[in-house]
């Protein structure tokens, strides 16, 4: 670990935010939806470490619960995309020919759409909610992992140990799950880590536009909705959520760099 | 016979993850003019490192700890990199096991050898071209036109090895070090390449240091044999004596293997 | 007779250019026929390009032949994937780098339901002992072993299936001569102990002479000569064979 400062700092950052997210109900000083009409837009103080928003709600508490949203959307969305990507990519790489052509053309079609606008279009049709966001991001980002695993599997397929497994009588499923995927997963892990960062950014952007997590559930993105109108007068509403998003994404990028070094 | 090369107490260490590995531990070698000497040993014995260390072609984590390499009276260890690079190729040339990996895949054979001649002998391109044709004929390539214009991947392993030998002899070196040059070739091609090396040596007057784990080759071409084991020279002597009365246990192991499966 | 190969042919298409246009075909195997007696070793000799590895893969059903057939004697070869095994040339690529040795040895035992969960480790121990390795190897990874040791592990893995026929595709060619000699003796020993039949592919004639009962010579996908080892080495009938022998002497 000491040889890999990126990995170390990445893990520190993400561990910090993960703890915050997990322990939210216990460490949050105040109820995030508690409206306090007397303390609207107060700057950071002893009582409100990060200040209050336009409805007098404590920003720190809202940020802590927002961490839950951001991290869970990131992880679950990427989980869905990896799950889909691994299955489709493995089948394409392993069986080749028609299966490969089918899956890859499907991926090509999906890649033609600019992801963000595709997601916007879908969200406009289904109602915006945290679950829909996770699913939509997951369903539109499987192509990256699929291509990566397919490429690795195509090159691993010809290695003697895979042929040896065929000769030993291993079934196709056994070979793919026990031998090909574990050896091919490296680049997919790096892609996944960066994917989480991307998903967090995506969620924040969608929430900022009002198409993601709906108030009163706090998300770093929808807290920023207020920043548009309060930019000159309440800097804390812009700076803190922005910083949180920045540092979290940085943390995942560091982990990805650290992984690249380990995988070599 | 005059002394061409003398290696005294050569020590090379490798630094690997905090540990120091003594790859070559005090090796003494001697080569006279026009001699053919075999350096015999198995993988891990240090024979290749010994050969590369002579002109300091070593990976960054390897270091020549001590020793002298005296070529025609000059200690190569005391030369700087610039002086050493004028010795490599010109006075000491190498032939390695996999010719295709050492030839540049994006240049034709002709272009590559011409470059070597321009660099080392300062010839004009046209002159160099003519000399290259002569060289190709000297290594018994019967269709030099085709080979001159071919890329390495278009030629067979045996042909590439001839080309490599031609390249190494382009600058008429005094010493040719061949490291397992025939190990990956078919037995009929191996026989041809060995014959070629012996004939070229007579014609061009160079000394040949042939590295191999196969004593059958030593019996065919060498006057003297050095046996290396775990970084040290454990036995040395004329070929006939080594086969007749091997002293060190490892030499006896090599001879026993030769008796069993090294000869027909 | 444990197997009979009849007129096996295989073509490979050569693809060229960006659009993979058909630039020609190479005939890797051209009507190869031979038969194999049980408990014997058939040595297949050939230089690179002779088609011997393609033949090995076809025998193992890893690639399909274009024409011809391989008939196995079903009193011996009842469960193909269990009774016929292969050892490859490259020991460095023949084991899953992410699997411990014990798991690699358990695979065939589990796939063919040869043993209960409790007995797996003991069985694996026994297999390692048969190839001259001790049980400390079980918990290690392939990267911790030398080429010769990895090949022994591959042999142990193949033996786990209790095979009748073992196809060995240049199993020792990439190793040092002293290790080659040791492994050859191991092969002979295992053959006797487990009543195996071997197809031993090599380009090294001295190795073939040492281990094979019968020899088959291949050149450019065709069978050039076949016969008993002794006759073959003392009195070859074909010119190509004589060339090979002369080069090796």
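Order as written gives the chain letters A, B and C; numbering starts at 1 within each chain.
Note that a residue touches a chain if its C-beta (ideal position, glycine included) is under 8 Å from a C-beta of that chain, and two chains touch if they have at least 3 such contacts.
This one's a predicted model, so the numbers in the text were calculated from it and none came from an experiment.
Graph distance from subunit A to subunit B, where chains that touch are one step apart, equals 2.
The central chain of the assembly on a C-alpha centroid basis is C. Chain centre most remote from that of subunit B: A (centre = mean of CA atoms). Subunit B has its Cα centroid 55 Å from the Cα centroid of subunit A. For the pair subunit A and subunit C, the distance between mean C-alpha positions equals 48 Å.
Separation between the centroids of subunit B and subunit C, computed from CA atoms only, is 33 Å.
Residue ranges of subunit C in contact with subunit B, taken from their complex: 47-48, 147, 176-181, 184, 203-207, 209-210, 233, 243-249.
Taken together, the subunit A residues at the contact with subunit C in this complex read 159-161, 163-171, 174, 179, 182-183. Considering their complex, residues 57, 60, 62, 81-82, 84-86, 88-90, 93-99, 107-108, 111-112, 154, 157-158, 161 of subunit C touch subunit A.
Taken together, the subunit B residues at the contact with subunit C in this complex read 42-43, 157, 186-192, 213-215, 253-254, 256-258, 260-264.
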